[in-house]
Structures are given as structure tokens and as C-alpha cells.
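Presented sequentially are two complexes of chain A, the first with chain B as partner and the second with chain C.
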Partner chain A sequence: MEPLIQLEHVSVHYRAPSERVATFKEYAIRRLQGKIKHREFLALKDVNLTINQGEVFGLIGHNGAGKSTLLKVVSRVLLPTTGRVVIRGRVAPLLEVGAGFHPELTGHENIFLNGAILGFTRTQMENKFQSILDFSELGEFIDAPMRTYSSGMWARLGFAVATDERPDILIVDEVLAVGDEAFQRKCFARINRFREEGTTILLVAHNMELIQQMCQRAAWLHHGELKSLGEPDEVIQAYRQAQ
Partner chain B sequence: MTTPTTSLPVYDSARRPPRPIEELQQVFRYRFLILQLLRRDVLTRYKRSVLGIAWTFLNPLGTMLVMTVAFSQVFGSMPGYPAYILSGLMAWTFFAQSTTAAIVNLVWGGGLLHRIYIPRTSFALAAIGTALVNLSLAVLPILVVMLVVGVPVSWTVIFLPVPMLLLALFSLGVGLLLSSFAVYFPDVSEMYQIILSAWMYLTPIFYSEEILPALYRPLITGLNPLYGFIRLYRLPLYYGQIPTWGDIWPSLLIAVVTVTVGWIFFSLKADEMAYRI
Partner chain C sequence: MVPQPKTLIAKNGTTPTVFLRPSHGWAALNLRDLWQYRELVYFLSWRDIKVRYKQAVLGATWAIIQPLMMMVVFTFIFSRWANLPSGNLPYPIFNYSGLMPWLLFSSALSRASMSLVGSSNLLTKVYFPRLAIPLASVMAAVVDFGFSLLVFFGLMIYYQIPLTWNILALPVFVLLAVLLAFSISLWLSALNVMYRDVQHMVPFLINIWFYISPIAYGSEIITSPTWQFIYQFNPIVGIIDGVRWTLVGGAFPGTSLLITLAFMLLVLVGGLFYFRRMEKIFADMV
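== the complex of A and B ==
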């Protein structure tokens, strides 16, 4: 059995000019004068990580420690500056509420738009439509423009589209605060079902209890470096001691 | 229950096909997305305006009216002057709209590119597609204007898809090149608006190239790539002629070279763009 996520010596190196140079002219002049200074920023430093099928893996660390950068590398949004990434299977990120929806379009239209963003074809979306509608519990609201929806309805539809089909890797980048309590239970039930069926879950959370409850392994990122990797309890302990 | 890991699709950052080819493969895989983005842009553009999609007609008609009033004393000696303007204006509007949208969509719609993988060229492709839809809708009012001002409508209009396709390729190339720069220098999109307005006056849209002094004429007809494209629109529409191969090949060459260069340049820069957008 091969791991679903493999990171080998992955570094992400942001190289931003220390001052914003926003025009060609300015850039050209400074370039000639040798005055372009770059602020080097290592978002990830030589990270090695292997995550297997069916694992629930937690990521902890301060804000700006590189957790989101790591998720971006896994979801192919960011190519590492150096190092190698191998991903097996379909990756589904749980998008922040609303990303990819258009308020002027109806829920129905947005389901197709969002499904297309996730990489599905028209036929696939036509087959999935009914079960997405059922899960989102939107009923006849589905034909109203989304600007008329409550924030809970946005979140429900977003979750329903993103998780209609079991992905091989699910990325959860915030605590699941989706709608009311009953709907949250439904979401957790679905995520648990995915886990039982072999989905790898990558979870970023500031809530340590959630990491302890859900994850088999965890990692602590500190200024882009992998400080600790192993059982959630040990990793959390190491993280807390360092504070 | 679990899928054997060997049967899963593999993404390996160390073993990717050359970027321009990979981008083509992904665009094909994500073709439904590009269609959906196009649909979104067409549907939402006028959704809250009272006249809705009618603006697609009213916009060029309004500009045509302004130009006719403004310039008819100077250049208006040719027959069916409003139809002459419109036939050039439709091509110009297509070019200006689609290239601007390609930049704006990438720079301002980049939020999505931060969160999920989609082919980076999707936005530019959708922008071209949206402008193509608007352009096709604009053909109808032009035919009406031609009938009104007494320019005969010829069967040669069926040739129109050829210049439409060529200009779409050219615009895609320009849009991709510009948006690669705009990611690094936001000023590009502002500068481009100024360049566009100068470019419009240097293109025979509301005047005929024949009124230019013979000395400067080759500058416009030879160096301005849009001259050839606009001529390819006018010949079948306004003049009722099928363009000859001699009319077509320079524009064909320019379109193919521009789109190839733009595509390669953009897709080679695309990985780096994710760090910037």
C-alpha cells in the first residue's frame, strides 16, 4: 500500500520585494541601481511527511506557522519552491464558506458552478444534483438567488456540494461551524463515514480537544518547520510546553 | 471498501509534463468549468439592470450613435456611415472587452486560485468566451442598422465566424500575456486602458484608411495588427465580399503566433503566479 500524501524535503520560499514596486519604470530604475531588495520568507522549511490512506491527520501551530501553506501544497494550489510532492487520489478542500458561489445566481446554478470548480463534469453534476439538494435541506429555496440565503444556508450548500462524493483526501481548514447543531451532526456523520471508507483527512484546528478526539497522528509546525510528529497527545504536549 | 492505492490518479510534482501541455490537458479536463464561468459572466453581468441582456445590443448602438454624430461631418461621406462604424466597432469592442476581462478576472478573481486547484487559464478562456457570446448577439442589431441605412446585406455574412475565431485567438494571446504581467504589476491594467484608447484612434474604426496621408498609411495598415482583423470583419459584412487568401493569411499568422507565445509564456509563469495573486 502506498501513502496518499508524500512530502519530500518540501520548502516554500516566498520572495517578496521588501517595498512594493508597482510600476515598470520604478522597477527598471531600481533594478539598474541594484536597489531591489527582497524579503526572504520561508513558509515551509524542508518538511518531510507521509500520510497514509484512511488516516486522520491533525496540524497544529501558531498563526503563520505554515499550516495553510502546507494545505496549499497538498491541494496543488502551490508548487513547492524545492522538494517533491506526490499525491494519490482526488483532493477535496472544504472551501471557506462562499468561495466559488455567485450571489446573483440561484442555488441550483451555483451547485453546477461549484461542482465544475471541484473538477466534475456536467453529467456527474446532473447525477449528483438530487442528493446535494437533499443533503442541503434547502427545498424550494434552491431556485432563489443565493443573495437571499442566510449564512447558514450558504454553508449548508457549500458543504453539500464539496462532500457529495467521497474524496480520497479531504482537507478541513477550519473548525466545522456549519449551520445549526443538527446539521453539524450530519456533517460529522458524513466525515466519519468517509473515514471508515478510507478517506484521508487533513485537519487544521486550534481546538486541541478536536485534534485529540479525531486524529490518529498529528504534527506541530513552528515557523515553517516540522517540530514534532506523532501521537496527538505527545505533539500537543510538546506544543504546549514550548509556549 | 477502500480503493487500492495503485488505482488512484497520481500527481507527482517531480514528474509533470511540460507546463504548456499540462495546461492544455487540464483545460480539456476542466472544460465544464470554463463553460460554467462563461455562463456565470453572461448571466450575472446585467442581472440587476432593468434592461438586462438588451444592453448587449444597446451598448454598441449607443457608441455608434455618438461616433456618427461626432464624426459624420468629417468622415461621413461614405455610404451607410453608421453601418461602417458598427462593423468595425464590434470587432474592436470584442478585443478591448475580452482582453480587459482576462486581466481583471485573474487579478481580482484570484481568491479562488488560492484555495483550490483549477487551470490558471480558465479565467482568460472564460473571458474570451463571454465576449464571443456578446459579439454573436451584436450581429443582429448590425444587420438591422444596415437595412435601415441602406447598406445591402449580402450572403457573405456567413463568412463572419472566420474573423471571429481569428480575433478570439489573438485576443486570448494578448490577454494571457497582459495578465502574466498584471499579476506582478497591478499598474498594467490601468496603463492598458490608456493604451486601448490610443489604439482605438490608431485603428480605422470610424474613419477609412484611405483618408490617411499616403506617407503614414503603411504605419496603420502594416504595423497595427488589429487593422487586418477589422478588415476581415468589414469585407463580408459591410462590403459584401469574401476575403481573399491574401487578406486572411497575415491575420491568421498573427493570431496563431500571438496565442502560442501567450499560452507558453503564461503557463510557464503560472506556478510562480500562485505566490503572487
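== the complex of A and C ==
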């Protein structure tokens, strides 16, 4: 069985200009003066990581440690600057659920739009529609513009669309902090079912109990480097000791 | 190091395997990926159209009011006051038949050039072929063109001018107008991600471009051979004259159309490669 996620010597550089040069004129002037300075910022440094099928893998680290960058590489939003990434299977990104929704469109319309963004066809979405509606518990609100939704309703629909079909890889980025407790339970039940059916789950959380409870392995990222990798308890201990 | 294609999608069974490597320089175009996401193009342009008219009281009638009012104003200024000739056609018909392709082209161009910056929430969160965004924006402009065409047929009935078989060529010219806008917007939308100057430049560019295009006046008005030669290098001239030819007759734009095609091919192919090359930094910069 080949691993579903493989990162080999992956580095991601951001070329952040030390000052923001927002206009072309400013850029041209500074360029002529030789004043363009780029601060090479390494969001990930030579990360090697292999995640197998069916694993629940936790990522911890302080803010800005590179966790989100790693998730973006796995979900194909960012390309590695050096190294190689292999992804085997369909990825469902839960990076901020519902990012593709438009507030002026109804929930119904947004289901189809978001489905297309995630790469599904219209026929596939028509077949999924009822189960998405049931899971989101939106009822009649489904035909109201989404600007009238509460943030909880927004998140519910986002989660329902992104996870209607079991993905091979599920990326969970603390999104479950939204919605009420009952809905959170429902989300966890679904994630657990996916796990039992063989989905690989990549979980980012600041809540260490959650990592201990759910993950088989975990990794600690610190300033873009993989500091520790292994059993969640050991990784969390290493992380806590360093603080 | 041998440059590697950025993504290779291999079907093994049902699960696609994706290899991601840093792309060096000019990445492979990977248009097959775009084809797989063709429904996304449809849904994004459908969203644009829907959202544009949803909160407006008059809704989609704006697509009719706008060109109609412009035509009325131009008739007063250019025909009544400046006495510009319109051949043997009533000036409103003459003007409107040029206004339609121009509005198609200019609204497609301005929307598509802003499109990437306007979709930053998607670019930083989900993977999909980025080309879908400017492509959807230009497609959305075609719907407005359809509405304005209905008004044109009304005008033709009012002035009792018969259509000719030339109209069968209209879809070709519509496609050319959309493709030209798309080609240019590939450059402008990607540049706009890095330099927001583009969004100030585009309306200005479109404004000037309007006056150097045969909308309020006909190309024949330019009599000096030298200027006529130079004038043909405006790539929209061939398209506007072509649309006029399909709707109300007149001279078929031979040379200017060839120049349009050559210009477009160059800008389109270059633009596709440029767009793909810049694509990898979109998520960092928007």
C-alpha cells in the first residue's frame, strides 16, 4: 500500500518584500535605485513526511509555524519551492469551509457553485443535493440568500457540501469550532465514519486533547521545521517542554 | 535539473495521483485540467450574471437600457450636432451596430482583468485551474450582448431594414470579440495581482480605445491612406466592422481582420504561458 501523502524535502519560500511595494511606479523607481529588498521567508524547511491510508494525523505548532502552509501544499493551493509532493486520491479541503459561497446567492445555488469549485459535475451535485440539505438542517432557508444566514448556518452548509462524498484525504483546519454543540457532534460522527471507511485525516488544532483523542500520529512544526514526529503524547510533550 | 511538468495527473483505478513539483519557468499549459473543470467555468459566469442583476430593481433590463441610452446620446452628439456620416443607414442603427460588439469587448475585458483579485478568497483556499476565473468573466459578458441584440432586431423592424444572410457569420465575430478580450485579460488579470495599477489603467485604456475605434463613426471616414493603414492595427477595428457587415452590410473588413487574428494569436498564446507562469504566486500575492 503506497502512502496517500508524501512530502520529500519540501520547502516553501515566500518572497516577501520587506516593505510592501504596491504600485508599479514605486516598484520601477526602487528597482532603478536598487532598493528592492526581498526577505526570503521560509514557511517550510526541508519537510519529509509520509502519511498512510486511514491514518488520522495531527499537526501542532504555534501560530506562523507553517501548519497552514503545509495544508495548502497538500490541497494544491501552493506549489513547493523545492522538493516533491505526491498526493494519491481526492482531497477535501476544509480550510475555512464555505469560502466559495456567494452571499447574494441562495443556499441552493451555492451548493451547485461550490460543488463545481470542488470539481463535481452538475449531475453529481443533483444526486447529492438532498443529502446535503438533510445534513445541513437548513430546511426552508436553503432558498434564502446566504447573506441572511448566521455564521453557524454558513459553516453547516460548507461542511455538508465539502464532505458529502467520502474523500480519500480530509483536511480539517480547526473549522469545527463553529456551529453549536449538536452540530459539532454530527461533524465528528461523520469524520469518524470516514476514518473507519479508510479516509486519511489531516488535523490541525491548538486543542491538545483533541489531538490526543483522535490522532494516531502527530507532528510538531516550529518555524517551518519538523521538530518532532511520532506518537501524539510524545510530540505534545516535546512541544510543551519547548515553551 | 531538467524542468518537470508541474502536475501530472495519472489515473490509477479511480483515485487520481498528483505529483507536485516546483515548476521552473514556463510551466506546461495543462489545458486538459481546464477541460475537466469546464462546468466550473459555466457556474462562475452564471454566478457573475446572477449576482450582477439580483439586487437591481430593473434587473437584466440594465443590459438593454445601457447601450440604448448610449446610442441616443451619440445620435444627438455625433449625428445631429457633429454631422458625422453614417452611409445610407439611419445613424441610430449605424451607431448601435458598432456599440454592441464594443460593449461586449470592453465589458469582457474590464471584468476579466479584475477577476483574479476579486476572487482572492477562492485562490487562497481551493485548488482548481486558475484560467477558469478570467474565462468565466468574459463568458458572462456574452449574455448582455444577447439582450442588446434583441433590441437591435427591434430597431431594424422600426426602421424597416431587412437582415441579410451575412448574419450567419455573427457568431464567429462574437467569438472573436470574446477571444480578443480574453487574450488581453490573461496579461492584465495576472499583472493586476502584482500591480494594482492595472485596475486604474483599464478603465482609462478602454475610454481612449473607444475613440480610436469605428463606433460613433465609420472606418471610411479616414481618407488618408497612411492613416488608414495605421488605423487597421487597432485589433478591434476588424471585429467591429465585421459585426456591422453581418448586421447591416457594407464593406467586409479584409486586411484589418487578418491583423486582428494575427495580433490575437500572439497575445493569446503568450498570455496563456504568462498566466501559467505567474499562477504559482497568485495565492501569495492576492
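Here is the rule we go by: the second predicted complex is superposed on the first by the 238 of 243 C-alpha atoms of A that agree within 3 Å, B and C clash if a C-alpha of one lies under 4 Å from a C-alpha of the other, contacts with A are read in each partner's own complex, and residues count from 1 in each chain.
Going forward, contacts are C-beta pairs under 8 Å (C-beta built on N, C-alpha and C of every residue); 3 or more make two chains touch, one makes a residue touch a chain.
Keep in mind the model is a prediction, meaning the values are calculated, not measured.
After superposition on chain A, the partners chain B and chain C are seen to clash.
In the overlay built on the shared chain, the residue A:E104 is in contact with chain B and with chain C.
Residue contacts after overlaying the shared chain place A:S131 against neither chain B nor chain C. Using the contact criterion defined above for the overlaid structures, shared-chain residue A:D168 touches chain B and also reaches chain C.
Looking at the shared chain after the overlay, A:G198 reaches chain B, while chain C stays out of its contact range. Of the two partner chains, neither chain B nor chain C is touched by A:T148. Of the two partner chains placed around the shared chain by superposition, chain B is the only one that A:G54 touches, whereas chain C remains out of contact.
In the superposition on chain A, contact is made by A:T82 with chain C only, not with chain B.
Of the residues of chain A, those at positions 14-15, 22-24, 27, 72, 75-80, 83-91, 93, 95-96, 99-100, 102, 104-105, 109, 112-113, 116-119, 121-122, 168 touch chain B in one of the two structures and chain C in the other.
Those residues of chain A that touch chain B in the shared complex are 1-4, 14-15, 22-24, 27, 53-54, 72, 75-80, 83-91, 93, 95-96, 99-100, 102, 104-105, 109, 112-113, 116-122, 125, 168, 196-198.
For chain B in complex with chain A, the residues that touch the partner chain are 1-6, 8-14, 29-30, 32-33, 35-37, 39-40, 43-44, 47-48, 111-118, 185-187, 271, 274-275. Put simply, chain C touches chain A in their complex at residues 6, 15-23, 36-37, 39-40, 42-44, 46-47, 50-51, 54-55, 121-128, 195-197, 280, 283-284.
Only residues 14-15, 22-25, 27, 72-73, 75-91, 93, 95-96, 99-100, 102, 104-105, 109, 112-113, 116-119, 121-122, 145, 168 of chain A touch chain C when the two sit together in their complex.
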